[in-house]
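Below are two complexes that have subunit A in common, paired first with subunit B and then with subunit C.
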Partner chain A sequence: MNDNSNSPDQFGQQIDNTVNEYKASAEKLVQANTYQEKEDALYTMHYVHAEDRKAGVKTLQIATDKKEVINLRVKALQIIGNYLYNNPAAVKKIIGLLSATRENTKVKRAALDALLAIRFASPALLSQMPAFREGLRSIIHDRDPELAAKAIEQLAAYNDPGVLNLLHEGLKNPAVALAPEAKAIQLLGIQHTGGFSDTIRERLQKSRDTDVQIEAIHALSGDPAAQDDIQNILENKSKQKYVRLAGLSALNATAPHKFLESAKKIIGDPSDYNDVKVASLNAIAMQGRYNEISGDAEFLDQVKSLTGHDNAIVRKESSNFLAGHESYLENA
Partner chain B sequence: MIVLTINGQAGAPVYLGWSSRPASLKLSVAQPQATQVIIKTVSAPATGDVGFSVNRNSHPAATLAVTVPANGTSVNFFVSGTRASTENQDVTILVTDAGTGATLLQQTVMVRVRKNANGLSVAERNRFLAAIAKFNATTGTPRYQDFLDMHNAAANTEIHTSSATPRYSFLVWHRAFILDLERQLQKIDPSVSLPYWKFDEVADKVFTADFMGAAMASGTLVFNASNPLSHWAINGRTGIVRKPIFNVQTGSGLDPRIGMISEKATIGLGTTYKKFAPQAEQNPHGNAHESFSIGPITNITTATQDPIFYLLHANVDRLWALWQQVHNRYDITSVSTYPLKGAYPGQGRNHVGDFLQDTMWPWNGDTSHSGSTRPPTAPGGPFPALANLAPSVAPQVWQMIDYQGYAAADDASDVDYDSINFNLQNVTV
Partner chain C sequence: MIRNAQVAMLKESHPVYTGKSEGEVIRIKGDLMAGFHHNLPIKALPYILEELQSARHPYLIASAAYALRGLKTPLPQTVPYLLKAAGNLAHGDDTFFFDQDEHTTALKELFKTIKWHGAYAKAYIANVTALSDKLYLDREGKKLLKEAINAINGDARQTGNCCDEDLFCGGNIKPFGGIKKIKSLVLEDQEGGQIKYGEFFNGKPAVLVFFYSRCDNPDKCSLTITRLAHLQKQLEGKAKIAAITYDAEYDVAHRLKNYGLNRQIKFNNDVRFFRVNADFEQLRAYLDLGVNYIGPYVNKHTIELYVLNSKGEAVASFSRLQWENQEVINKVNSLLNSKKTTTAQSFYSILLSAGMAFFPKCPLCVMAYLSAFGISGMNALWVGNWLFPAMMVLFGINILVLAMRCRTNRFFLPLYLSCTGVVILIGDHLLLHEKAVTMAGLICILAGALTNAWGRRLQQMFGFGLVSA
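Showing the complex of A and B:
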């Protein structure tokens, strides 16, 4: 009767099959003793059911036992998440893997992934956040760069003052940098506490790396002291496209009148780039700021001239803009 | 002259889903004889289509013969979508004279359902992006800020499980929350419905610069110049961070590092709501939020800063709807459909807002409920209620369950998913 191509009865049978396949695999896992039996069971399971205590206990035992083969431990950690959600004791054991000495790197990575996968909705992890953060701190200088990078990212997102200060120091002295420059700026900007603005502004002025410039623009988008720098970047035709587009959105959000000044220059400049013209028109239209340009006949003529542009996206955006302006005039 | 009324309205653009909606025909001026008419549609293969039936529990037919009484009284029937629209008002209902074939009346309709984001047409995608970007830029009331405040740290325990006692209203509350947002978008563009991100499948058209953003190495998103999301700002701050753990071209939430369970495993979590809902809140819902290594979407208190939130939760809601269909869970009197009957008794492990007859924060304005805690403010005001549709301005838990209106047409909430049909014959209410 409609777009549904899968009848409820057929789908219901597939659900039953899925449930039965799980039960069979979980039973095999609980009974498994040899490497081969454990491997066969673990690799046919995609998850451990939250209420399947026997399978959960066995999976946790494999995940945390240093005598088990590494690939089995990793696989066990990849499927154990549902069992961890409401199980503080199990979560504690997985957190312990992060800071365990002489633990295998692949196991540590899988343990961290398992914890991160449940952090949004796990009362058990929520109750142990101090221990989890301590575990993360223990690996920020890990010899495995992927593990260290993940821990730094998470701690910065938790506004960990120690990591934020280390990231800040790294921007001033690359020899002690904890993360690549663009990443460090992004992480320092997440909480937009403002305490790092001067350093980030300096990096925006000095760095030639486009990723660094984009991150710095977004990090400074709420900072009135950065408005002139950002306006200069937006109007600088030698800057890379995505850097200018980041500047455009940042200036539009924090200094809309300055943005409008720049947008008019960009629209009226035949030598400026199509993407920046399109984004400028789009920004004014999306915010419905037609009242601010309605009396500017010269600007509207420039937009009209773009409806005959050789670029289809410019033609479309300028036509949409003028249609929006017409609608504004009708309703004004 | 003949008057066609659908959903209690005549003459206005009509929006339908799959569920049967009441309709009627009448003569505006009494005539000597009854008029025999045929009701049918004009629609191209790529557009939407609707069907007609005399009873709610009949399959809709492409045409319906009706006798319109001479004395001006109404003849009632039902109309429902049979194929999803791609454009606003792309279906035309024709009422023709059964004898002469002359057209007596035309009424345009859109069959507006929530679709898989990965399969949207360019026009559908762009309409959604423009609407949500415009809403984000709106300074009136309600504002996007209200949706941030409804899902912040102060709201957390009201809307999520955060202890050993499940918050049974999690699915219910979020169904209302995303419907509220969808209705705000429809005030801007009535052709828009929330797309869903089917997070256990490849969504290579979603995480792109012309849709929800393409992540740089750091996880900061870049957008094409014409993408309205490029101007997305929260509290004057630009730049959305969202770094997928999965390969956006070939992978999904089923990536082993994320550990999400599949759609089939989700529907198989249990046959009662009491089993299903608390587990689904954790996995796949929680794991879907954690499909990204960093960004506001990974944290309860900041998740709504990222517009992907609504696509993610549309899919969580679709999974509940699919579970309801597979297990026939629409009868609100059944404990298998919803476990907590009546109203909050004033004490106990469960919270106010979890019981079937409770009204839901923040739409009810309740910030100081006796015997239980609620957030200190109620942002956003009353629910944007629509005539002849659920929920009311202060939604009750039960109103969000039978969302297609199996028990009564007025219980429907104007929400349907492309892949979940409406079939009264298979449902117990």
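Showing the complex of A and C:
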């Protein structure tokens, strides 16, 4: 018996304590009038119970009252999630904070975080979705970049045509960019049917920014027109390692045969990066493509030679690869 | 004219959608549908119902519901589609403007349209009422739903069961043509094996659907393949089953296989998924597929199932709305039954051909048969009571045909010879019973047949116009 484990009685006692603590804090919050009383109550609570109407109303009141101290309002918004979950009227008020013109930035951020925390399944937020989207649209140009970025990201996830077009425009004209280039490409890549492939392909060819290249490769991983570009990047030893690894993943997904051609070259090249070699070997092995390399004696010799490589990971992965191949031959 | 052009633009394959992003396609289609708000032609109704049944984008749902109010009279059968659309909105509603002054949402438009149905939605009042529990409604949503329920309950109009439109019956058949071109189309299956269209779709009726694995609408491709798996069980091998991807570039063999297996498809030689690596356009044109592209990506597509006969020709299509399995099975069964009928017809046709082959076609044949009858003792039949009247009827027909032909040819010798032969045979049968006389009669008939066949040539050869009129 583990001495540290709780007995059922002890566990039950802990729950009782937690419930009692919550009740005491919630009661304190409901009766709080001064700043200090409210602060004491809010900072001892981790959440407002969904069914606790009195505490919920009080928390909502603190969160939405512009006369309250900002820190208290932010704290109230941080703990109100459970209460919001099933309460459309409360959600509506929090959404109202987003689009309020003279609202404090910290409050807006906390309001957005509270809404994003419940966005996946909250019936109350789903019933307010048009208003929520409008609220998000109202802050995409907010002077607080963090707030704007979160709103843009969420709207892009909803395939909001207005935001996607603005992001697209920003790629062509950085002066009107809504988000940094890499972020814009990442968000535009969510919708592969958005008609942004040509622009992203152009950025992949022209940009020297590693993040931009990686995001562009991810965004273009399903685009047949980008296969050659991605293959060139994968085989280009002067490219940054992580860019090439992104290319490896994308090419393997979209053009497995082209990937195999490149992988053989990489594995057979003593001067290539070990990480890229190992990733290439793993990609072939993980997909069980031994049948495609089984007849290639030269390639198998190259893998065998890697079992004596200086790098321990290369040695281990090449041995695993050959063991997998042996197993394939036995079962074939 | 303009209305027809607008309806035509609702079809996915219309050039207006080619090369457009998905967002643009949604906007164009939504705008087009909203344009039918004041007058919705019945031809456009399947497109509207399709969006209500399977669209996820709130603008498409809002504009479809808005357009439905353009019908002259509400159709009760459209209410289930509105209810389905309300469920689809669980993924998120949005705000739009149809009138300049008032913003609306998809849910508002759905409730307004249900309200507009009034008494026509009475059969679905329980389902409409249940929406308050199924949907996440705010105060305004609840108010609109209540108004819709009150409108249904308070409407005293008498409504009949008014629909005789094809779209509610399914199995709509389109004209097809140009099968020859696609028979040589090479299909690559889920194992990477290749087979020609004409080879796979051959010998058995087939059910063919279209899909693509990157489709993000759970009510379209994913549901289509799941329902196809169900259909596979019900068809019990009576028909071949195939699914062809719209997205051949991406849907390589292992993706086709996994997509099918994950949706309970049991692959075998008669059940396969394909991609068409080259000349997909030919198949697209042949079946008039409801799909369009932006570059290599599908930007819009419909739901479509085709029933093919044993030659690979499409004979029925079930498109836009999800098909009923039983209707597809009925169509396959009717093809199988017609095949049996064709087999039976072929059998009778062979019998007839054999009969024709052995039927005495000239006097020489008759003579040969008579000789054979004599050898086998069947000449006894000659004295049978039934044979004489039968022979008389045949002679009568022969003389009638000869008379018509001689009149046309203005050459009567064959008729006279045949008539003489018949008179001799009758006289012999009734009075003389002499074999020599019988032979003389038969020779006359034979001569009549020969002169009928070669009379013109004889005339030309010898120049005699004897007995010609």
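By definition in this document, the second predicted complex is superposed on the first by the 324 of 332 C-alpha atoms of A that agree within 3 Å, B and C clash if a C-alpha of one lies under 4 Å from a C-alpha of the other, contacts with A are read in each partner's own complex, and residues count from 1 in each chain.
In the analysis below, a residue touches a chain if its C-beta (ideal position, glycine included) is under 8 Å from a C-beta of that chain, and two chains touch if they have at least 3 such contacts.
Bear in mind that the values here come from a model prediction, so they are computed numbers and not experimental data.
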First (subunit B), second (subunit C), both or neither touched by A:Val176: neither
Touched partner set for A:Tyr242, first subunit B, second subunit C, both or neither: first
First (subunit B), second (subunit C), both or neither touched by A:Ala24: neither
Touch count on subunit A, higher of subunit B and subunit C: B
Which superposed partner A:Pro161 touches (first subunit B, second subunit C, both, neither): second
Touching partner for A:Lys92 - first (subunit B), second (subunit C), both, neither: second
Touched partner set for A:Gly195, first subunit B, second subunit C, both or neither: second
First, second, both or neither for A:Met129, with subunit B first and subunit C second: second
Which of subunit B and subunit C A:Gly222 touches, first, second, both or neither: both
Partner chain in contact with A:Thr254 - subunit B first, subunit C second, else both or neither: both
Set of subunit A residues, in rising order, touched by both subunit B and subunit C: 123, 126, 192, 222, 254
Partner subunit A, residues of subunit B touching it in the complex: 18, 51, 59-60, 81-84, 113, 130, 133-134, 137, 160-164, 216-220, 222-228, 230-233, 235-239, 241, 254, 256-262, 264-265, 267-268, 279, 281-283, 285-287, 289-290, 293-294, 298-300, 322, 325-326, 418-423, 426
Interfacial residue positions of subunit A with respect to subunit B in the complex: 1-6, 8, 11-12, 14-16, 18-19, 22, 46-47, 50, 75, 78-79, 81-82, 85-86, 110, 113-114, 116-123, 126, 150, 153-154, 157, 180, 182-183, 186, 189-190, 192, 211, 214-215, 217-219, 221-222, 241-242, 245-246, 248-250, 252-254, 274-276, 278-279, 282-283, 286-288, 313, 316-317
Touch list for subunit A against partner subunit C, complex: 88-89, 92, 123-124, 126-131, 133-134, 158-159, 161, 164-165, 191-197, 222-225, 254, 256
Residues of subunit C that touch subunit A when the two form their complex: 19-24, 26-27, 57-58, 90, 92-95, 105, 135-139, 141, 214, 249-250, 252, 294-299
